[in-house]
Amino acid sequence: MNVENLTNLLENVKNGEVEVADALQSLRSLPFEDLGFSKVDHHRQLRTGYPEVIFCEGKTESHIAQISERILNAGHPLLATRATPEMYDAVKNINSNAQYNELGRTITVRQSESDGIPGILIISAGTSDLPVAEEAADTALMMGCAPERLYDVGVAGLHRLLSNHEKFLNARVIVVIAGMEGALPSVVGGLVDCPVIAVPTSVGYGASFGGLAALLGMLNSCASGVTVVNIDNGFGAGYSAALINRLSNK
Amino acid sequence: MNVENLTNLLENVKNGEVEVADALQSLRSLPFEDLGFSKVDHHRQLRTGYPEVIFCEGKTESHIAQISERILNAGHPLLATRATPEMYDAVKNINSNAQYNELGRTITVRQSESDGIPGILIISAGTSDLPVAEEAADTALMMGCAPERLYDVGVAGLHRLLSNHEKFLNARVIVVIAGMEGALPSVVGGLVDCPVIAVPTSVGYGASFGGLAALLGMLNSCASGVTVVNIDNGFGAGYSAALINRLSNK
Amino acid sequence: MNVENLTNLLENVKNGEVEVADALQSLRSLPFEDLGFSKVDHHRQLRTGYPEVIFCEGKTESHIAQISERILNAGHPLLATRATPEMYDAVKNINSNAQYNELGRTITVRQSESDGIPGILIISAGTSDLPVAEEAADTALMMGCAPERLYDVGVAGLHRLLSNHEKFLNARVIVVIAGMEGALPSVVGGLVDCPVIAVPTSVGYGASFGGLAALLGMLNSCASGVTVVNIDNGFGAGYSAALINRLSNK
Amino acid sequence: MNVENLTNLLENVKNGEVEVADALQSLRSLPFEDLGFSKVDHHRQLRTGYPEVIFCEGKTESHIAQISERILNAGHPLLATRATPEMYDAVKNINSNAQYNELGRTITVRQSESDGIPGILIISAGTSDLPVAEEAADTALMMGCAPERLYDVGVAGLHRLLSNHEKFLNARVIVVIAGMEGALPSVVGGLVDCPVIAVPTSVGYGASFGGLAALLGMLNSCASGVTVVNIDNGFGAGYSAALINRLSNK
Amino acid sequence: MNVENLTNLLENVKNGEVEVADALQSLRSLPFEDLGFSKVDHHRQLRTGYPEVIFCEGKTESHIAQISERILNAGHPLLATRATPEMYDAVKNINSNAQYNELGRTITVRQSESDGIPGILIISAGTSDLPVAEEAADTALMMGCAPERLYDVGVAGLHRLLSNHEKFLNARVIVVIAGMEGALPSVVGGLVDCPVIAVPTSVGYGASFGGLAALLGMLNSCASGVTVVNIDNGFGAGYSAALINRLSNK
Amino acid sequence: MNVENLTNLLENVKNGEVEVADALQSLRSLPFEDLGFSKVDHHRQLRTGYPEVIFCEGKTESHIAQISERILNAGHPLLATRATPEMYDAVKNINSNAQYNELGRTITVRQSESDGIPGILIISAGTSDLPVAEEAADTALMMGCAPERLYDVGVAGLHRLLSNHEKFLNARVIVVIAGMEGALPSVVGGLVDCPVIAVPTSVGYGASFGGLAALLGMLNSCASGVTVVNIDNGFGAGYSAALINRLSNK
Amino acid sequence: MNVENLTNLLENVKNGEVEVADALQSLRSLPFEDLGFSKVDHHRQLRTGYPEVIFCEGKTESHIAQISERILNAGHPLLATRATPEMYDAVKNINSNAQYNELGRTITVRQSESDGIPGILIISAGTSDLPVAEEAADTALMMGCAPERLYDVGVAGLHRLLSNHEKFLNARVIVVIAGMEGALPSVVGGLVDCPVIAVPTSVGYGASFGGLAALLGMLNSCASGVTVVNIDNGFGAGYSAALINRLSNK
Amino acid sequence: MNVENLTNLLENVKNGEVEVADALQSLRSLPFEDLGFSKVDHHRQLRTGYPEVIFCEGKTESHIAQISERILNAGHPLLATRATPEMYDAVKNINSNAQYNELGRTITVRQSESDGIPGILIISAGTSDLPVAEEAADTALMMGCAPERLYDVGVAGLHRLLSNHEKFLNARVIVVIAGMEGALPSVVGGLVDCPVIAVPTSVGYGASFGGLAALLGMLNSCASGVTVVNIDNGFGAGYSAALINRLSNK
């Protein structure tokens, strides 16, 4: 319902092709579908460049299946995050093309198979950070990108990171995932000339306070060009990285 | 000291043009200048795309002047943040072209006067957020961008924001600055298809806890595509926005 | 035991109709019923306008059944919150009219079937906030109001909210329920001229810290006319909303 | 710019009395006045029932004077909170009727002298809570109410509170202000049948943590019907109380 | 090993009745029994007036049984707190007189059946606080006191508390147990002339943060004469109350 | 207005010596004096065993002088805590016997010169804790006790503490004051058989967080018989200690 | 890849024995083994004096077994911490010499049986701290030290600690492990002339906040010479202690 | 007053050379000097290897001068930390050899001029960390060590750190000082085989929360061999480093 549509609508009112009452109604009803427990936002792709994504935590399998159906019926690709295997089964009943990433806990249905745009590099500090990294990777993939992965290169063994320096030079945007003290984004940020998106994870114990230590560390990074998302929010990092990576085509 | 330089160096060692001991020394001494109290990092522009920036808090006026001199002597543009008028006077003695933004508390010396790249939109929620907004704007400016400003459009009067909707559609990256509950990035993020960088400010009182409320709000944004920087970190937001905005030319 | 009663009592003491010792006893014993483990406060309706409500968490099924019995025997309506299905079974054995709201986890027995007073609007940001919203709705219902519901209208898709603008204009008091960053009350508060009661929920993850982010966001709302209750406290919000809504009849 | 206006506008487009381009412009430009550093929201009274209020902290005296002028020119009453005597002087130059409440730190200009609506009772626990109490009282006064005050009746001397019991019975809404452990709203809430708005203050030391102890106490009140505003937010409490108190005339 | 013992020992060294090496050993070995995993402190009764008490959380049933055996063998009364029924079974195998308080989760074996010293009053705010109250009561009982109980008298129904005013006048020390906002100790403390020991409980939800709200409330009590113990620490409150109550016999 | 008074009043009503209206008034007006900004609680001594104490922080000199005058006119001893020298001057104008303790920041006027009751020992860990210790000592003194002092005996030099062991044996109640890690109460508590009141101080830096570290340490003390007051609350500790110490005479 | 290796490499480039491209490759590839999900850092022993240690939490049994195999194949000793019995079984299948410490939850395979270096003393405050103490002891053992243990000597019974004073005098470095208020390191630190490493444990309840109270206490220790590791981090303490203890042989 | 002294004392008691009463007195009075406000601990050097150090914050100039005098009279070296220039003047009056380090805020008087033991390396991340670094260096110097300094080598410019790699190899213990995200100790810890003592500083803003971010980062370091001291505690780090460095001579 952008400026162009609005102009058309008003022209039609002027021409008498649309009644005032109907125009009023149109101005009120933007396109979403009301399931009672949920209002599926079909307008989102038009507005933000990507359709609604399902965050599965706290939703029932039945709800997830119903929302998935509406999204797929509208011809949109499906991305559901934080999904259990049981939720996957429920969606699979709706659409047999649904795929499940066990590590990243995502359910996906792609609507096109074109090659993704290269330029995103996803780095994780430790093996325990992989679920978050995979969630980020799947999100970027669904948004039309072809992310590269570089895992287990934490700062306690810098040579593992530095030996992959060439990958940094080719990246257009880097997602850096780390728990514990969350120092990796600062080190990476000091080596590259592209934006870095830092993801703190809840990996750690004691005074890591569920990822708070890593979060604060990343927010206070002494390297420039680092922005941060919520703890364990691989989806958000992958999403922002894809928005940035797609900019060059805009 | 990138791969190309290293290859040259090794070729020269092979040719006998460079002695082993000298090569060893070169491999050790990457280019920084040691002032005793500070090591000015002249290599930074080569590595990260922008020279060293001076964060003035906690530094003496004399230190700031000395570091500024080295940066300017190296032919780099100067950006100093969180600067007092007294610090500005000290730098002005070194270089009469230095300019001071009272609101944004930045000292700048530009090395070229070319037009900036458009595409950055800087939005602030309230009048009290202006110092942070201006710091972000000046940073983007120094990095070769031409940021547009949209101030005092907080969520308590949504119409002020929505009436500027067209500006959103033209932006390639948006910096959103807000204190108190920090809700503005969520609202903006739900309306646009480009990356949003959220900056919490320490504006507020009581349970805002110096910006913590806004910070947590932004980290938990229900809109996709929002990343966050430290409280009051206008510099960091402007820096990341410029990195993103320059990507299209890469 | 208000001023009028006290005057009567003293008159009777003067007339000799009441002995001093008895009057002393009356002045001491205000009406509550002592079950040993609990003192059921029958005086509450007289004092605060609504009888005792049972908060079920941390109580045994047997205790809940006993307290329910005393409340019902006194002719009061029954409202029990945070109830499990097992607790419902225990109460159903006492009174076969008891009803259970699975989503809202409330047990209720109404004592009259009169129509409720309209004027309360209950808004929730997401599907996961429904249990809290239903608790608020049932509480308002039991207190003689007829709340209207508007669910899944979070700020990331503003049009879903704005398309229901007419409902705002008819409301006398609005309950707004949201997790994550808790921005919805600020947006609603900026659009209406009636009091808004904000309920933060524990929906979210990572730096939402069990609802703390939403709570702080709501306390720092930049919109005027917003007050806040405890995290997930649907009961408290429904209760206060009903007190406000009933004022016009006072 | 409500439904009625919109219908009129569309009718006029249909009649040809308004051009499409002009209508488009009207739909975009809702009424606010842009001062550059601030966008004064003249539409607010229409939308929320009360014009814009100036929160003075973090604003310059010049800014406050300019915003005041616009508000007064629009025929609105003026309320500025957290104002210093110097700010008052700046406003007094604009309008000689401006008044200053030293204790409550408010600047006010009334536009009518009609009697206020009775029904609001403002209770404070201690002498140090008076500035917050006075801010609440002035806010309610400016919104057309006639608040009653009851000060220094903290729970450590319950008889001071109970001896004023009659005032409770007459109140339609009560604002309770307390620092330290913030217990007073629970005690009051258990005695009355009207809504209670609790205001934690930063009065206290050590583990009061700037009012956090009182805030948490009030949010966890065991009395029903208590809602809470931010620490020291007398304005917010007075504002909500007035909205509630005016409901009976709606 | 007090001053008297030390004097005797030195006299004996002088007399030659004790060898230097033996005296040295005595000075080193104060009386505790080493079980490897635990050093049972038999000297504690002499030093602090009460034998070692077993805190069961985090200990195995076997460890608890072994430590219990040593304590009983030394002729001391047994008190074990935070005990599960399984732990009780393990102790019962050691000593068939062991008793278990299901509500208070204590295991006890008394060594004398004399009447306890009256003077301790234990007050709880709600039904859910009973486990903590019973732990306090059992602790006081084992230390030779006869505590009186007054349960479910929270501040939301003040009359339940005030109707028991006479019990306050007879108390020599009062333990007040409350969760949620923890206001009860302030109200009680303002009514009595004896020391009050406040126990915050973890009863509550949301912003009670596991009892933190009640803890902070009690530490900031505006009533004089209130001291505080750890969250849910019924044992500590009962212990201190007994120390105080026994003072009169000292 | 205790039970005896109430009985008399009722007898007089019965006898006709007191009119009903007058009795009603008496039952309402418990004895406090209303200064407008403050309600001086003359009934407090009757109820809690000690008259009102003035906490000076946040009060004006004029207010303090007026409240002091009412307290002294009623024949009560005067204790004002957290007082500045200027406040002392204001009180000295009212009563030339007023004394000022510079270290403890107390203003006092005694009404009798009888010897205090011995039995209170006040221990401080370091030199910086002395202001809090002196506040505690003066409070105990004013309440009729003769506290003994033992200063600068922190746990890093245990021998300073242990060499004063005899003082422990004579104490009936011990106040232990410490900042930093707050370990001293645990060590003392393990050595004595009387109640220990622990006072955390804000002495420390960095992760002491204004006394929070000491406060948490004391609340988690592994020694039994330790209760805690607010950070820097020497008054509260001295008050409770005096209540305990006076018990033997009850 | 230290200075000596680098010199050799460069000499070989000069001699023509190594091609430039190969040298470039060598400079990039430091020795680690890439398992895809993990990069095993075989260079670590050379660099930090001890091979990679496996932190088992959050890893699958299969992953642990694979990493263990690579470490053992490289001839390194194996240390895996926070291991479950199931993880031990998986490793035992790889190497039948693997041993499991049930209390300390470590899996170990030693590569030499030489006697350890004495000098480390491990002290724990309570029985519940043993798992952390045993993890520290096993770590020190694997690093070639022979730690001595002193358990259950908390500050509430100082004599248990002081009777072992001789062990302090022989220690070269002391690890002190405590939960609750964490006071033990301060007391030990005040008695010895060697470095003390403090380990806070999560033992406690209520306001211990999962070990935070002990952590803050230790960081604020008034004794000099105390450093701190993360909550429950027995491994880190044992590791640092071994590094210190081995210094004398350096 | 070690075992040897105790044996001698007892022998003398046996021989009759020392009376029992005198021995008793000796056993009680360990050597400290009581100034009333302070107990100067002359025994500390014997016990912990270094005499008492004065922490100046919160002490008066007169107190500092008096304590300094006692320490110097006992022939001990003087170290006073957190000293102002005024405090220095007060000490200089006592002893003209006193020296003041303006950056590190220490007052020192050495008692010998022997060369210090090399082996300590002090690294700081940024220019603003210098005061803490200098405090650490002076402390190590006073304890007989010759610390080497390496300043301004933060992780955002890794080459500045890596170019000084040789200094790491020579160090026996490294103190690493950093504010903001505190990542430097992790990077250093992964490169060296000696113990690392990490010092978080309060350098930073916003979500650094006065050094909390750096503190948490260091406690959660993924590198082994890192221990941590309090925020800004340069003294503690220097002290522990010296204890470790002196071990080789033990």
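Each chain carries a letter (A, B, C, D, E, F, G and H) given by its place in the written order, and its residues are counted from 1.
Heads up, the rule we're going with is that a contact is a pair of C-beta atoms (placed from the backbone, for glycine too) under 8 Å apart; a residue touches a chain by one contact, two chains touch by 3 or more.
Worth saying up front: this structure is predicted, and the values here are computed from it rather than measured.
Chains making contact with subunit B as well as with subunit G: A, H. Distance from subunit D peaks, on a Cα-centroid basis, for G.
By residue number, over half of the contacts seen at B-G repeat in one listed pair from A-H, C-D or A-D, namely A-D. Averaged C-alpha coordinates put the centre of subunit A at 54 Å from the centre of subunit E.
Subunit E and subunit F have centres, each the mean of its CA atoms, that are 25 Å apart.
Averaged C-alpha coordinates put the centre of subunit F at 38 Å from the centre of subunit H. Those residues of subunit F in touch with two or more other chains are numbered 3, 157, 165, 189-191, 206-208, 212, 215, 219-220, 223-224, 230-231. Counting only pairs that meet the touch rule, the chains in contact are A-B, A-C, A-D, A-G, A-H, B-C, B-D, B-G, B-H, C-D, C-E, C-F, D-E, D-F, E-F, E-G, E-H, F-G, F-H, G-H. Every residue of subunit G that touches subunit E in the complex is listed here, in rising order: 127-128, 130, 151-153, 157, 159-160, 162-163, 165, 203, 205-208.
Residue ranges of subunit E in contact with subunit F, taken from their complex: 2-3, 47-50, 53, 166, 169, 172-173, 189-195, 197, 215, 219-220, 224-231, 235-237, 239-240, 243-244, 247-248, 250. For subunit H in complex with subunit A, the touching residues are 125-126, 154-158, 180-183, 186-187, 189-191, 204, 206-209, 212-214, 216-224. Subunit H contributes residues 3, 6-7, 10-11, 13-14, 16, 20, 23-24, 27 to its touches with subunit E in the complex.
By the touch rule above, subunit B contacts subunit H in their complex via residues 1, 28-30, 32, 36-39, 41, 43-44, 57-59, 63, 200, 202, 210-212, 215, 230-233.
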